[in-house]
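Right after this note come the structures.
First chain A sits with chain B, and in the next complex the same chain sits with chain C.
Our next item is the complex of A and B:
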């Protein structure tokens, strides 16, 4: 297994270079270094000298990919792409365009993201699996059809509706929790109840419907009929037979998400004022802060690759027949 | 029976949980603010939609950032809080600058002599002005700085300014103002002021070039380098010399760029390793203003506290007409500031901000942005006297502060465009026809709920040169009827179209329909607005095509003149007509100066340019008013902009906040604000009683949903097999 993990980690290097190249290209298709300079310097009295000075100070005064004025390897290394990318692989994220240390910001902001994402993730899985199992128990009844209808309806509603509706009802009309905010010291849970609740409810439609499909596939297997013939109760069949056998597809969809929980959610964090990495990314995009965007995409890619490796490992735990080689 | 007992037990458990939860919190359940220190009056406010990027006086150039800087720093001059038109007053200096005109040899000359080569501004610092307590000023027994480290390791235990146990302070000195100006010229900092001020302050560019050659691994003491235009006369007195005459320079002295910076503070933040922990002057400003920053978490909140070393400062004893009746003089002569702390929380979206304001958790609806983006439309209804607060808000005793900022939105014509640009009579008539067809008053009513004033010239109300009444109307677009301006009828626009060679909107020669192109920023215009504009111009047979793009691409088009009609806006830096009329000076046209100029209409008139130069140097008075009037005539005759309007900002105040008069130029007015904390606490408790029945209802609903399932499951277990 060790060799397998090392090999997968080595595969990650070209993937990360590719992701970085793509991010870089897409960003500079939309923004030029001059645009970035104007965005940082403000829109008044920006002289060409000030723009040049900003570019020089921040390392954007070189060609993007190929430096025709240089010779030898410098043609490729004395460029914005090389200078800005190579440091990422040493996990040196540098400073944002406004001068803040990105590593410090990321390490500070990942905890609020996790504080929202982790309970949403765990409670969400629990609720979705429970509902799906209940619905499977009543397969092909009116209850099942009604539930599927409800799932599709829940899936069709915009995520924004859940957020705004939740804020309006729970925080504004009923005044049960703060409408938004995050105070690390003291009663943090008061600020997490609503975003977690909204995240869980918004995910029920898609989640429960997906788990229902997985469980139904297993429910028609011979071993289930055998268990039922043996006289096992429905609950025993569901939890002791169907659930463990449906673990492989569940793990495929779930474990990959675990590392990315650190990255937070763009919408939830922005609307609920959670100072996490999701809103960090959104702010960076709005303010054309390429240094942050590049770093966040890089971190996101690494976490995703890590998630895929973890998923493979989890297969071996869920099904002893699986061997990684 | 057994099931009923279980059900009852579950209900009891839920009730207990709710009861326990409610007992956990002392105040209302929905209070989003952490508890404030007792015996300190805390102002609860908001920063929106993003945290400040720069808090260094040399780098910052945004209103959102000035909100903080202008409380922490004290520039030499400031604005009178109450008087209108805006009036400059001395702030960290004793009096307004003493202005001396110099000839090319530096000898004083009379203004009228025609030999003025330089202007010198001399100021004397208030002896009572002191910096806030800060570790940069802390010294040991021998008077040496306490926190100067030679390696990053030595200072590694300090992560934020409040981590430093020892603090110090000292009086503000003349050299600190000079040091601050030298920082503006430091190319490593990259101040946006270097380009502009480099044209005026003598020796600034040379200074910048000189220090650009110096190695910068460690702190560079700018005191060692001379800038010709700056002189420290004694500990309290300094002067700034500028090239030629630039009467508007005095207004720049009221902006944060010219606030004093102590060299030891600059040196402190250059300690090795500090920048890696965001310990910089850009994030922890140090000034001598009424407040100091005690917490800077740009992700959640910024907290200011009263500067214990702030100089004696008092609430003004006079204002403009009506101020006394409005209660703005109730605190006349009292020592400032009135509040002890100010907390600014980050709000990125509107609903939470609005909800918290209505719940009483924010004292005011905003700081530097009012209702310009129609955030609080739901607060108003249109009544017989115009906009009125809704019944709910009136029930909360909420008050409105209205503010017409010295700024504008406008749609400009590109005067170099081959179809609508140019200076022939036909082109002028074509543009006037479009101006008349665009019913600006309706546009403001529909899309801004009437929160704006249709502009007759580029000068907004409150600025010298603004003319009201019949004398102020644009006679090419409006008639004066029954004591008010009335837009000329659409028939007049149609007639102008005929005279311009476009009868019914078609080219008289080719028969082609006239299609105009409007460049808009994608996020700034919605379909409803586009439809309205299309319908408006269809009245004179003109077709419209929109070319939406993001700001970067729009800016690129403006710089290359690749536009026909474009949308833009302007907020003035200072309340002088020069800061508006320069928008049409040919020296500001990007196509002429090949720079990022502000005259995006590319208006090019020798007469206007000459008048502008005269007006710029002329002191306020009838002669200057006459020049301005002629410039406005040219603006109206040449029909340079499709329209301009001056937005009105509405700010809402909860009843416990006093002295809420808005100041269009400076946001540095926190020191005047007064809060009644008892009133606030009482109202917050009254407005935020939790509604608990949904919790019980939710629990019962959940059980009711589960119950049929449980019953069906039990029935199924007991049923006989059917297959």
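Our next item is the complex of A and C:
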């Protein structure tokens, strides 16, 4: 098991190098530092000196890959590629274009993101599984068909509609909670209730439909027929036979998401004014702060790979037939 | 008049033609025919397909662009013809100039007066603050009290016209298809409703703003209709760009195995490990910077917006091939173990021929299901991307831009809800139809579900 995890972690390295090369190509080869300087400075004030100054200030005045002027190892280290990309591996994110330390920003903004994403995730799974189980109990009836139609309809509604509608109804018309905002301590829950609720409701359509399919797949298995023939009650079949067996596909789909919860949700956070990583990314995109975008891409891919490894481990825990080797 | 063919226009027609050709090719195969028959033998399949076709036809009508010739002012002694800088589409003409009736700013659906007070001069010459009359709504009315009676009367008239037109369109279909076993009547019912609704909207729009006007005073109904083209095009074009990449790499990986498989797997894991929205946003921003630096590539504004749009489709396609590629690789791995592929190998059939004749036809169902499923996901994604600020160019109408522009207006009193309602409603109908249709397609084409049905 331990050896497996170590090997998987080693496999992650070429993938991260790939991610790094891809972002590097996007940010420095397709779009050279000169172009960036022009778009950051604005077209009016572009002089060759201004561009040089901007590049020097932000550390873009070096060659891309190999610095022929330097000597020894600094031929490779005193380059843009090393300074801007390789350093990410040491979790040294450097400074954003506006001069803020990205590492500090990320570590403080992670917690508000998690405060919204984690409850949404847990409550969402609970609600979706409950609804799906109820629907499965009425399988092949009018109620089941109606529910499936309802799920598809819920899926077809834009996420923005859920957010805007939720804010309008709950916060503006009924005045139950504030429309948006966040305080680090005290009545945090007042600011969290609405985003979590919106997140859960928006996920019901796709989630419950997916769980229903998983449950039905198990319900067609022979062991269910046997259990029924033995005279088990439908409730026992549902909770003792179908649910535990359906946990395996549920785990694969769900565990991979857990690490990415740290990244937060772009839309929810920006609409509800939560100072998490999601709104951090959005601000970075809007202000074209490529240093932040690059760091977030790197963090995101690490978390995704972590999720894949966790999925494999959870497999062995849930299904004794699976052995990692 | 001078015909303008934008790149996206050419692509959408190419796409429509190739879909029709593809459809007729598939008809030759009796098995696939039976599957399609299953999709269309349900009333829901007929109805949702009709709705999708209706959206696509609006998109096609909106993709025939031209520039109107301007009349030379008197005294100008030249034979040269000048053209309007604004590009018009056939849809604009058919909608009866709905997009040309601008007001000053917001007005509610069917309102006669503007939403905001303005300084006016009354009959006595005094200045008063009041809601000004709209320029293009209810001007023919003698008194405002007659409004709803007038709307009712015109609606009745329009609906009668709509019914007549529907009859004219449905009758030939009925004569042709009345003995068909498929439930065509479901499609005709939807056609009737859609045609009547269209006739009603166009004829009432001549006298009122059915969905009100937006901040700039443009008719909201017209804008939602313009959004159809953007949504349909984005949904199909991105998938079309993604398909060749995903299919080629997926089949190659599953068939040749070995290092090819390793490379392809490495590529899609790397790509899917990057948070999708960041990758898209970064690519779009970079393209934007590129356009800003080279502004003289495009002669008219519409072409620039169009280039941005195609770039967005391209980016969405290139960043989203990993899921389909994974599915096709798995299926190809399975198929290449089967007896008939082994037999083909033994007979010395070339790789290319095996791939073309034996593998590709057997993964078509996956491609088809993905195509329909991705379509609705992309239409929804467009709204989110526009909100983030990396979506469609604001000069090109889209539902995302409408929602983005109107979302803060809900905090006004009284509430400005009509822009959001229009965009969300049109988007919802399209996505719902596509989702329901994709369920039916999956049921018919997925071997797993069709196997289960034959057991039952």
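Heads up, the rule we're going with is that the second predicted complex is superposed on the first by the 287 of 325 C-alpha atoms of A that agree within 3 Å, B and C clash if a C-alpha of one lies under 4 Å from a C-alpha of the other, contacts with A are read in each partner's own complex, and residues count from 1 in each chain.
Just so we're on the same page, a contact is a pair of C-beta atoms (placed from the backbone, for glycine too) under 8 Å apart; a residue touches a chain by one contact, two chains touch by 3 or more.
Just so it is clear, the model here is predicted, and its values are computed rather than measured.
Considered on the superposed chain A, chain B and chain C are sterically incompatible, since they clash.
By the document's definition of touching, both partners, chain B and chain C, reach A:286. Contacts of A:57 after superposition: chain B is touched, whereas chain C is not reached.
In the superposition on chain A, A:152 makes contact with chain C only, while chain B stays out of contact range. In the superposed pair of complexes, A:35 makes contact with chain B and with chain C alike.
In the superposition on chain A, contact of A:266 is made with chain C only, not with chain B. In the superposition on chain A, contact is made by A:164 with both chain B and chain C.
In the superposition on chain A, A:187 contacts chain B only, with no contact to chain C. Judged by the touch definition given at the top, the superposed model places A:234 against chain B, while chain C stays out of reach. Once the two complexes are overlaid on the shared chain, A:178 sits against chain B while remaining clear of chain C. Looking at the superposition, the partner that touches the larger set of chain A residues, chain B or chain C, turns out to be B. The superposed model built on chain A shows that, among 505-513, 577-585 or 649-657, the segment of chain B colliding with chain C is 505-513.
The interface of chain A with chain B overlaps its interface with chain C at residues 30-31, 35, 38, 164, 167-168, 172, 286. Put simply, chain A touches chain B in their complex at residues 30-32, 35, 38, 40-42, 44-50, 53-54, 57, 98-101, 104-105, 108-109, 112, 134, 137-138, 141, 143, 164, 167-183, 185-187, 190-191, 233-234, 270-273, 275, 279-280, 283, 286-287. Across the complex, chain B meets chain A through its residues 24-25, 28-35, 50, 53-54, 61-62, 187-188, 190, 192-196, 275-278, 280, 282-283, 297, 299-300, 345-349, 351-352, 355-356, 358-359, 550, 552, 555, 573, 595-596, 598, 688-692, 694-695, 708-709, 712-713, 716-717. Interface residues of chain A facing chain C in the complex, by the touch rule stated above, are 14-15, 18-19, 22-23, 26-27, 30-31, 35-36, 38-39, 43, 149, 152-153, 155-161, 164, 167-168, 172, 220, 260, 263, 266-267, 281-282, 285-286, 288, 290, 293, 296-297, 300-301, 304-305. Of all residues in chain C, those touching chain A in their complex are 266-267, 269-275, 277-279, 281-283, 285-286, 289-290, 292-293, 376, 380, 383-384, 387-390, 403, 407, 410-411, 415, 420, 424, 427-428, 431-432, 435-436, 439, 452.
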